[in-house]
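Heads up: the structure comes next, in structure tokens.
Chain lettering (A, B, C and D) follows the sequence in which the chains are written, and residue indices restart at 1 in each chain.
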Amino acid sequence: MMTRDEILNWLTEFATLVAENRERLSELDAAIGDADHGANMYRGMQAVLAKLPILAAADIGTILKTAGTTLVSTVGGASGPLYGTLFLQFGGTTVGKMTLDLADWTAAWQAGVEGVTRRGKAEPGDKTMIDALVPAVEALRTALANGTSFNAALDAAAAAAEQGALATIPLSARKGRASYLGERSVGHQDPGATS
Amino acid sequence: MMTRDEILNWLTEFATLVAENRERLSELDAAIGDADHGANMYRGMQAVLAKLPILAAADIGTILKTAGTTLVSTVGGASGPLYGTLFLQFGGTTVGKMTLDLADWTAAWQAGVEGVTRRGKAEPGDKTMIDALVPAVEALRTALANGTSFNAALDAAAAAAEQGALATIPLSARKGRASYLGERSVGHQDPGATS
Amino acid sequence: MKKLINQPENVVVEALEGFALAHHDLVRVSLDPAYIVRADAPIRGKVAIVSGGGSGHEPMHGGFVGQGMLDAACPGAIFTSPTPDQILDATRAVNGGAGVLYIVKNYTGDVMNFEMAAELAGAEGIEVVSVVIADDVAVEDSLFTAGRRGVGATVLAEKICGAAAAAGRSLAEVAELCREVNAQARSMGMALTSCVVPQVGKPTFDLPADQMEIGIGIHGEPGRRRVPLAPVHEVVEMLIGPILADLPFRTGDAVLAFVNGLGGTPLIELYVVYQEVAKLCQEQGISIARNLLGSYMTSLDMAGCSITLLKLNADFQRLWDAPVHTAALRWGR
Amino acid sequence: MKKLINQPENVVVEALEGFALAHHDLVRVSLDPAYIVRADAPIRGKVAIVSGGGSGHEPMHGGFVGQGMLDAACPGAIFTSPTPDQILDATRAVNGGAGVLYIVKNYTGDVMNFEMAAELAGAEGIEVVSVVIADDVAVEDSLFTAGRRGVGATVLAEKICGAAAAAGRSLAEVAELCREVNAQARSMGMALTSCVVPQVGKPTFDLPADQMEIGIGIHGEPGRRRVPLAPVHEVVEMLIGPILADLPFRTGDAVLAFVNGLGGTPLIELYVVYQEVAKLCQEQGISIARNLLGSYMTSLDMAGCSITLLKLNADFQRLWDAPVHTAALRWGR
């Protein structure tokens, strides 16, 4: 079970992580060229934080959707539409809810990952965040089917995401799309914050 | 006594000195800013060298005038008109001559220095090459009046020029025109080559 | 970091303010969301052209807004594509009822944000067609994003399509023209130095004093290869070779040659580069019928250049020659 | 040294070749002696305007040759004024019988070489008047040469006098106008980095990573003072303060503001600078009625900027607005 307050805390925590790792994220992005990922995500998550007060009474769907539109309209770059879509889809499947059970949470992530895949046109193995997200969703689904507890399911998802990200390492040099490093750092934090 | 061959040698020697000191001249010029004096004088004296073969049979006036016009038309900057004028005036006073005695040489330098003063509008004490040239001419005149030998007169002129250049050192920092270093290096070589 | 700026996070908005003040005769500027539209927008019945991308490439794209070129430009953060709502607002501001063409450089972020904006504009009943420019022969599949990067051809496409829109062509026609320009243009760039992103404060990559990077993008992406410094005639050969081979350009072709500086390159060097480009083209029997020379698509303070060749046809050439009046490009009337 | 060049001693001529090839519609170029004249020179009955100076300041002056501005430009070696025979040949090529104005920046070398050329031209019966531009408030008596250096006002004087000559004014009138522009304009510049003269191969001066030079000239001459890096609003205050105080500019004045990049400065920074200039002028009740923003008078690869303010009157403003069509400046028709 996850309450709206926990969702708000989760967003705040994610914003803090981004703020703390801002320079590191840009440095990792510099490896593929433009050194802006830290500034982009920082700008976006600060804007999300600024919206939280007016969301104090809102339902989870509204909170997550607002986070999504805010990311889309403040981040830009590749990460704006992708993170934005993820949260927009989270919000779309959780409209009106004040708590989420494991089934809700699994559905939200499933929709989120589908949205990101549609928007980014990346497939598993393409060396994008999809490689971390897809195994995480699989883990959530398995947990749901097995009746695992909410917290154990989140741990399993985080572990699966981490493994998925690690599995892209060898692809990195070979395929050369090299989004790898930026991916991995963000991919880690995201499910990490989730659990 | 100086023959046309000695004049040709003197020009060649001066060109060699400039070529050897090219980088040093530009470095000295960099102290006042634009770091081009070495390249300028090198370009000019190479052009003069290239003219020497067709001057093999010419009189001293023609040789020196040609050197002057060549410097004017290839050097540019401040040094082109100044060195050009110096040589043009040398040439003007030695038209048709195949040898120069001390009176000729003194008259040539006197005209040269007057030309440079007119062109550059610098007065003694202004911290320009004038401060080296004027004492040199004085020395030549004294030598002529005293019946000194040609070579001794040249030595006296060189020494006077050197002293004149040194005398500008204290002015340097104070008046701040700072043409000093470029001046001094060139001022040295010029009468140096003369003797 | 040596830059004429205040707070790094304010560079884009302060530059935009400066742009608005300097060019109030040509453009109107919105600061939030950030976009630039021509002063007389919207033009009833004319296809509107909107472009945009990260900042740090000035004068692109804001400097191309005006008569005969772009109707709107959307500047993102430094090296970061603009957001859909910037693009959507700009689209609304310039839509003259004849549809809107988005000219998008091929970077994942640009493509996705313009795509989202197009969906939103479409939902409002504004007809939008996007054309993606991908002319950089330095990459087959870029390190940076799928497919070739969009570089110099963007400037040429914006000028040529702007003229076609001004001449009254339909959205479908202008979009098709844009695809043709993209198909007939090839580019490649090189860097002598890296660039410094203001919010990062140090060079994106380290390039030793005796090395240069060949096949660079416009955001400091890694090039095709790193090589020792060489005389510019060799540098131009390294760029022109792949360009000529790729289309391929052939003896007898007439081209538009675009020699572009990357932001830290003095103009005198671009003229030297142009002289080498002209020499090499002549050797291949390719005639340069038109040229553009200057720093039009920059990468912050990067020193280096890019070369773009566009194979001309009569239509391209006529449209290139048509009047243009923007902050950065002006001729005719 | 990182430059897009071949042999350092060939930079000027190769750049000139590139210029000739790129702008053959606007100019004719002589390589030896080196000068650039407008393609339709001489214009019968029009006062001709000739300028020139060392190379390394591109687009000045060659980029200003054309309709409504200069009739000829004489590029010297890097940072070295042209020689009298270049100037004389250019003078002959553009003399249309109504006399020739030399616009000369105040540097000893420039003044002397133009003076010699004027004497030679005068001996041939060509009427020549020289006007020396000296607008740099950073120096009372320059370290570099007697009197103030000629900097940004040169560009403005060439544009305004070019328009006056095109409008048929006499040599005496155009020369007097040139003196007035010089009298009403003040400039000051600063450098973030030094510049590298190609034939020297290393920076003319050393400027530590945390320092900048205020009151710099355009050949790497020492500035008024060296200070720690500061936000651009402070930098602009350091430049605008002496400029405003010197003329002085007063509340209610209308000015032309010229924000100039020195060669290695990206355009985005110039827009930030312009925004600060506009703010400071507004605070003083000075209105910027016209502006020019770009890298028009450079110092090789130096990063930095200069600011020029010209107090406008109706005549200056009308002549500024008049059509100009050159490689570097274009408007009207």
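For this structure, a couple of remarks:
Simple rule for what comes next: contacts are C-beta pairs under 8 Å (C-beta built on N, C-alpha and C of every residue); 3 or more make two chains touch, one makes a residue touch a chain.
For clarity, every value in this text was computed on a predicted model and none was experimentally measured.
Once subunit C is left out of the assembly, the remaining chains are joined by touching only within these groups: A | B, D. Each chain gets a centre from the mean of its Cα atoms; for subunit A and subunit B, those two points are 78 Å apart.
For this pair, subunit B with subunit D, the centres built from the Cα atoms lie 32 Å apart.
One finds 55 Å separating the Cα centroids of subunit B and subunit C.
With centres set at the average Cα position, the gap from subunit C to subunit D is 29 Å. The multi-chain contact residues of subunit D, meaning those touching 2 or more other chains, do not exist; every residue touches at most one other chain. Across the assembly, subunit A contributes no residue that touches 2 or more other chains.
A linear topology is adopted by the chain contact network, the touching chains following one after another without closure. Of all possible chain pairs, those that touch are A-C, B-D, C-D.
Across the complex, subunit D meets subunit B through its residues 9, 33, 54, 76-85, 107-109, 112-113, 115-116, 141, 143-146, 197, 199-200, 204-205, 217, 219-222. Considering their complex, residues 2-7, 11, 14-19, 21-22, 55-56, 58-59, 63, 192-193, 209, 212, 229, 231-233, 235, 263-275, 278, 288, 291, 293, 295, 298, 300-301, 303-305, 330-333 of subunit C touch subunit D. Residues 23, 26-27, 30, 32-36, 38-40, 43, 72-82, 119-121, 176-178 of subunit A are the ones that touch subunit C when the two sit in their complex.
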